[in-house]
Amino acid sequence: MTVNPSGWRPTQPSNDAIADGHTVTGNRALMLEEPLIFEIGSTEQTGVDFDHGLPTTPKSSRLGGLERNRAIGLPGLSEAEAVRHYTRLSRQNYAIDLGLFPLGSCTMKHNPRLNEKVARFPGFADVHPLQPQETVQGALAVISELAVWLLELTGMYGVAMSPKAGAHGELCGLLCIRAALEARGDAREVVLVPESAHGTNPATAAFAGYRVENIPANEAGRVDLDALKARLGPDVAAVMITNPNTCGLFEPDMKAISDAVHGAGGFVYCDGANFNAIVGKVRPGDLGIDAMHINLHKTFSTPHGGGGPGSGPVVLSQALSPFGPLPFVARHGDGTFRLVEEENASEEHPHAFGRMVAFHGQMGMFTRALAYILSHGADGLKQVAEDAVLNANYILRSLEDVLDAPFAKSGPCMHEALFSDKGFADDVNTLDLAKALIDEGFHPMTMYFPLVVHGAMLVEPTETESKASLDQFIAAVRSIAERAKAGDESLKAAPVYAPRRRLDETLAARKPILTYREAQAAQAAE
Amino acid sequence: MRYLPLSDADRSDMLRLVGASTIDELFRDVPGEARLHGPIAGLPMHASEMAVERHMMALSRRNMVASDVPFFLGCGAYKHHIPASVDHIIQRGEFLTSYTPYQPEIAQGTLQMMFEFQTQVARLFGCEVANASMYDGSTAMWEAILMAHRITRRKKTVISSGVHPHYVSVAKTMAKFTEDALDTALPELVAETDVERLIGQIDGETSAVVVQYPDILGRIADLAPIAEAVHSAGGLLIAVVTEPVALGMIRSPGEMGADIVVGEGQSIGVGLQFGGPYVGLFACREKHVRQMPGRLAGETVDAEGKRGFVLTLSTREQHIRREKATSNICTSSVLCALAFTAHLTLLGEEGLRQLASVNHARACEAAERLAAIPGVELVNDSFFNEFTLKLPIEARPAVHAMVERGVLGGVSLGRLYPGIEGLQNGLVVAVTETATNEDIDALEAKLKEVVR
Amino acid sequence: MTVNPSGWRPTQPSNDAIADGHTVTGNRALMLEEPLIFEIGSTEQTGVDFDHGLPTTPKSSRLGGLERNRAIGLPGLSEAEAVRHYTRLSRQNYAIDLGLFPLGSCTMKHNPRLNEKVARFPGFADVHPLQPQETVQGALAVISELAVWLLELTGMYGVAMSPKAGAHGELCGLLCIRAALEARGDAREVVLVPESAHGTNPATAAFAGYRVENIPANEAGRVDLDALKARLGPDVAAVMITNPNTCGLFEPDMKAISDAVHGAGGFVYCDGANFNAIVGKVRPGDLGIDAMHINLHKTFSTPHGGGGPGSGPVVLSQALSPFGPLPFVARHGDGTFRLVEEENASEEHPHAFGRMVAFHGQMGMFTRALAYILSHGADGLKQVAEDAVLNANYILRSLEDVLDAPFAKSGPCMHEALFSDKGFADDVNTLDLAKALIDEGFHPMTMYFPLVVHGAMLVEPTETESKASLDQFIAAVRSIAERAKAGDESLKAAPVYAPRRRLDETLAARKPILTYREAQAAQAAE
Amino acid sequence: MRYLPLSDADRSDMLRLVGASTIDELFRDVPGEARLHGPIAGLPMHASEMAVERHMMALSRRNMVASDVPFFLGCGAYKHHIPASVDHIIQRGEFLTSYTPYQPEIAQGTLQMMFEFQTQVARLFGCEVANASMYDGSTAMWEAILMAHRITRRKKTVISSGVHPHYVSVAKTMAKFTEDALDTALPELVAETDVERLIGQIDGETSAVVVQYPDILGRIADLAPIAEAVHSAGGLLIAVVTEPVALGMIRSPGEMGADIVVGEGQSIGVGLQFGGPYVGLFACREKHVRQMPGRLAGETVDAEGKRGFVLTLSTREQHIRREKATSNICTSSVLCALAFTAHLTLLGEEGLRQLASVNHARACEAAERLAAIPGVELVNDSFFNEFTLKLPIEARPAVHAMVERGVLGGVSLGRLYPGIEGLQNGLVVAVTETATNEDIDALEAKLKEVVR
């Protein structure tokens, strides 16, 4: 109960208090500081209870004489403290739920809450991966329904559902290719990757035992077809193309590229991270692609969760399908489902290159993605691609007069708009603009990627942003861009309103502190 | 469409501004013949939330729910009670809908949580450092083998027969392509693990020995002798933990000399979910950190000198190092790591110890009672919350027969090692705090029925 | 993907940017401004879908010719925008989940998440109040289990479960009293209420058709027993006592008061809002009380939700039980349950004073409260009261040297510590201290209540606060109190970090704007 | 205990600081004989989360779940599909665990939401202003009667026979004590409402006429004639709406002249929950706002001139006015109001219109089919999503018989008007968007069975 009997009325107050900006607690109203669990918890404290009279270890423990004889040092918190700890931490994060998160190449779209609800149905959340198959027909049905949709949407022949993320999908695709080549006794050791490719492409190729060579881009930001053709040969196992590419552009020569690669006896891997731009509009299968991963956590909106979990199913051409990994789900005439695993592979799938994960892939992501796909339907998914592309072009055309847009002349972009720092005052860079955007209440765009553009700024708004949200973002970027060109020093101070000012990454890397040590307590307290 | 904010009016205004008369003009780089016209034929159109929810509910009801029946499955995925607050925490939009923390000033929530997670994992495993998560235990194990290979510059790895067979096949699959040599074997239904064999296989070429602790049959063996042997040969010891709750009661692999400890974090904070998403745990010695795969959060200061956290040592990673990266991993399993760290913070050391004791006590009780069934033998001398029974009949049909009687009675070795002589009668039974006395009664009764 | 190739490292930046503190968007990093739905939504936009081929109104509509013929003016948002709108709004709130919320008399304790989960079980959440009773035995069992616990904990004879909040419970209690008096043909028209009582007490008495008279407090902050006795007489229907009272003190003479009131033919109503202080330690039934409401949203932790829903069951003495309202749950020998409603009241409960609500009360709060009670058990609830009282005394003793604590001399307090503004510089008041606490990251205590203390500050920490949290609060209050005594003018400017500076309540009341009018758009935009 | 942060060490430190040697010293004001020693005997001790969850789950399974069967109950509580995002929003800790917004600088979230809610309710009801919620529809109706009484200074209220009987009995209960005179009647199973009667009862003493729209039998009647009659007699018209979704298709009471419109908001955003918590809606004319009960959020500016919201006109309320307050209400139903406003914002006018059409269409279809059952008559000429059938037998046993056949077939008037001649054969059937064709088939089939 609160009243204001004094009838006090506010008058414009001084801002000194802000300027000096110190509070006893270090908090700033709703921007709350939060210590580490190691600083507030204790090893005696716990936030769980056990029932009275529960059996505790019997006299004859069966631990093989390896009973713990040292403390672990795990602090506990009561539930009241734990909920508060994580809630306060969460408030130091930016997220899609808070505003525009135009991180290029990451497809940060709205995560529907229906999908969270569905994934938590006991029939999905509380089922063991090794339950007898007659007890998990619903789970197998989900995997198979989703697989059918992915095949229809991509026009491909087969799909491997078990990869756990995009990079894992890349690996799956390359291993299929390798298996296919080895099956024909053709040992090739090179994979060609455009300079503009995402880091996981070359890393994956190396991980799969291949040597990586770059292929150049032309000035229109596309793969240089002639250069590519020139390099193709009997040693090239595969070409990894991202389409739409990381400059946010569609590769118009895709079919020609595929034909050339196939002509040279290689395979075409497509990085499908940007599938959101073309879902329901173009089917990679029609472009001669042999393998493509789909990031369910991008195109199909399973939440990124601060860095996963994701899911990276890989669609495969007829040529590669026989080599796909185990296990997978087979559907019987009678509508029942069966897992094809090591034991029955010999009959049903003899050329499988092997197994990528312990169980069946990211079931919790499959349920979400399927709910997402069913919600949109064929019409809604097409609209997704169209709106994503429209939003990106709207940003491109609304900013190209204040920010250098290297490929804007070459026509429309797809789902992301790419800018460079050309024209900024010497001492101002892309990082400064990004940090200033933080103060404006936006997450920055992807910075310094792709590497082919100087001080790259890759903006992917996605289809779930309203025009009003884009307009506000554009206004903010325009004003910051002007300041960047004018060399406004105050940009260096940004962000000023975030939970932290700029952080010293170099220090972190020079003297890594990766875990909490009690010794620090003192130091931290200083 | 309920998720799309643009109205048709917005769309035409925006098209006008970008100077296109139709949306398809924006797709003009797509060759005409490849462009689809209209929604893909034969697929359903958009559906209401209610319709989708009903469809998914109907599918979910075709699964037997672990909590609805007496349940005793383990072998790499464990059913534990997860406090309701954990699910509340991971549904906070600021965690759920954020990306990998590339902009630390507005990602301190995720970064501090990662730092806390890394510390908890390192301490639980008895290591100096841990990363911010891998996909799962099986992929983490392969990454550990590769890491050892980078450190020792050797390609031979000896894998214990007690390692989860799926983990082994993931490693075998990868090794085919990286030309790593894996020395593997099949387990036997005996009380002892294959320590002898492992030590015997170690030589100057050995990059690492990989042991699971407790192993696939639930057996617990001291890792110290193996550590000693492999170290003296210049190799490393990799330990795999698929049931971290056990470490509330038994010694950590790190204490016993393991150089790299990886694990499956599912059993703390993450539901069964038919196998995924789970969370890979990865810990090692500080001196090896630059060979480690995956994200690392590190402590630093901001421009005002305040403590803060950032992603660090990224020169190990694909986005900087590309083909020279220690791994190709990018998106990992951070939200599951949050569930893990939140649950472990609720438990604390005291709660973890109690949880472990309850698990062990329940398992001891069940083991005694089941071993008393005529014809049924307990294989293990040592176990934590999971043990292996040798049945008088093949275990796989027995499991199906128990299902018909409404009991999920365990994992048959026939499922994990199809067609392998000598393992077909093995049944692995996991008993956690979620098993009630009535559940154990039911298992005993039904198993009796089916083996008689 | 973000890197910092420039290897830039931060240097202490200037704070000018903060001082001027302007952004294009008005946002301050994670402190985000949010417009009204009427400013961002449109009547054509919607965040729900309906299935194709759903029947729409047939030719022959049956609406009696009253089809709508005007627009309503309800804006819609896509789900993406709606989730963001409410998430951004939520971030402008303080809450228990964020930190200490020591609002005296409101018992802002941790709300366990288990209770939220349980209340959402389909068996509780998705059951209609008029379902045949054989289909709701579980719901009736919950009501009856909770009723049994409330009776055990209070030592009373009967309980009315249907009241919807504390004030509604007060009404229920007074109506029982009135019915009991009328039943003995004794029409009394006065209810005595201490000056320190919560506003709902006199308001309820008036609402029930009684005349209210105040009874004074003694200088120890308790009811003046002699004054009370002197006033008792044949016209006094009831005395409403809050115990522990609103000064956070236990009424030691409670039994004597009850005896005196009963002696004079009246009844004793106890306001149980402060039951948290004594649950498991004292049973009101042992103190001669006739009726007491229990705020399940206080003592038993059902979430306050920004102002309800609550639940206010009323426990009754043997004398009043026959008059309790309908419906209620009766338990049969065979373990089944039956509702006693109007139809069967004549046999089973002939003296019921009537019905207070359409259905059976706050079922959704009953499930939460029962889960809370079962979780604590008899031992945990006792601990709740002890810790709540300990925390309050810890605050009282840690602050009494810097803040005037009018009743501190008279001994320990119960669950709340009361302070006054005595000693503040003339132009600084309780409001200023409260607003400064906001900047420190705390919710202020209850201000200006109870009215018996000048510039009252009523601090109720509850048992779910850790010592560390109390210590931080104490440190903050101490420093602000010093500034208040020193007359530090900058307190007038507080809060400076909150989403809003001080708001003009007088303006709001003088020209009430209670709904959005499109005309405002312009004005708001200014 | 998992919710309590104090350790025993903390407790003794703190006791020392407050100068007490035992906790009971702090309870010394409690007379010794009243003080309990040790936990109350005979009650269970604390329980684990898992144990409590299982106990509650077992209880919940003793209820028949509306979504699990063909379901047709209404009469003041309606089953509609609620978008999943609504539940996510109301579980945001900042809404869920905050108090009535007494400190506006850190409660703008709740205050702005209230302001938006007030505006939506006012527009939906066709009124100028609305408050920030009451307990439920039944208590809101009584508050409206009292408000009219304050405005007109008259004590006679004429209540339509179409008003929900529970609402009427709440009013009767209160009126006994406030000496308000209520003129009430019982409904009849006929197509017309009691407009005639109401108009006939109005006189110079009449404070207000109370009409439900649509009424308890689902009938819809024009309120304009009643408004005219009561206004010309100097009284007010109070309209009660228990199914606000109807207002997506039919005229608002405000348009037809109602002075005060109250309602039950459950059917938008709030689940059935066996009857509570629900949310009372309360709207009226601006000129009467100072006589209104309940919280009001109002727009103002802060010290920097920024728009903000505060609780206002609190001089109407108990915490300022005490016994002179317009009502004793304090805690109301704000979280349910949030669910209501969030759901209505998701719907928007377009969605609400579509939702209403689907409801009406489904109800028309069901009505036709059920009326075709031999012996079954449709009472209504007009209805929205709820109508009344006259069965050839008593409806109450028929409902139980349908339950035995797995159908929740409606509300019998025998349940609402026990023992009232002429109503016993009445069955009120509500059909919303959640009723599938199969559900309607089932109802038709089972009803046929039980009435034959």
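Lettered A, B, C and D in written order, each chain numbered from 1.
Heads up, the rule we're going with is that contacts are C-beta pairs under 8 Å (C-beta built on N, C-alpha and C of every residue); 3 or more make two chains touch, one makes a residue touch a chain.
Since this is a predicted model, take the numbers as computed values, not measurements.
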Chain whose Cα centroid lies at the greatest distance from that of chain D: B
Chain pair with more C-beta contacts, C-D versus A-D: C-D
Centre distance in Å when chain A and chain C are each reduced to the mean of their C-alpha atoms: 43
Computed distance of Cα centres, chain D from chain B, in Å: 47
Interchain centroid distance [CA atoms averaged], chain C/chain D, Å: 20
Chain C, residues touching no fewer than two other chains: 1-3, 10, 13, 29-30, 42, 44-50, 77-81, 83, 87, 91-92, 94, 96-98, 110, 112-114, 116-117, 198-199, 375, 438, 444, 449, 464-466, 493, 495, 498-499, 501-505, 507
For chain D, residues contacting two or more additional chains: 1-5, 45-49, 51, 53, 83-85, 87-88, 91-93, 102-103, 105-106, 302-304, 314, 319-320, 346, 433
Residues of chain A touching chain C in the complex: 1-10, 13-19, 21, 23-25, 27-33, 40, 49, 78-81, 83-84, 87-88, 91-92, 94, 96-99, 105, 109-110, 112-113, 198-199, 375, 429, 431, 438-442, 444, 446-449, 464-466, 468, 472, 475-476, 479, 490, 492-499, 501-507
Touching residues (chain side chain D, partner chain A) in the complex: 1-5, 7, 45-49, 51, 83-85, 87-88, 93, 102-103, 105-106, 302-305, 314, 319-320
Chain A residues touching chain D - in the complex, by the definition given at the top: 1-3, 10-13, 29-30, 42, 44-52, 77-81, 83, 87, 112-114, 116-117
Chain D to chain B touching residues, read off their complex: 2, 48-50, 53, 81, 83-84, 88, 91-93, 346, 433-434
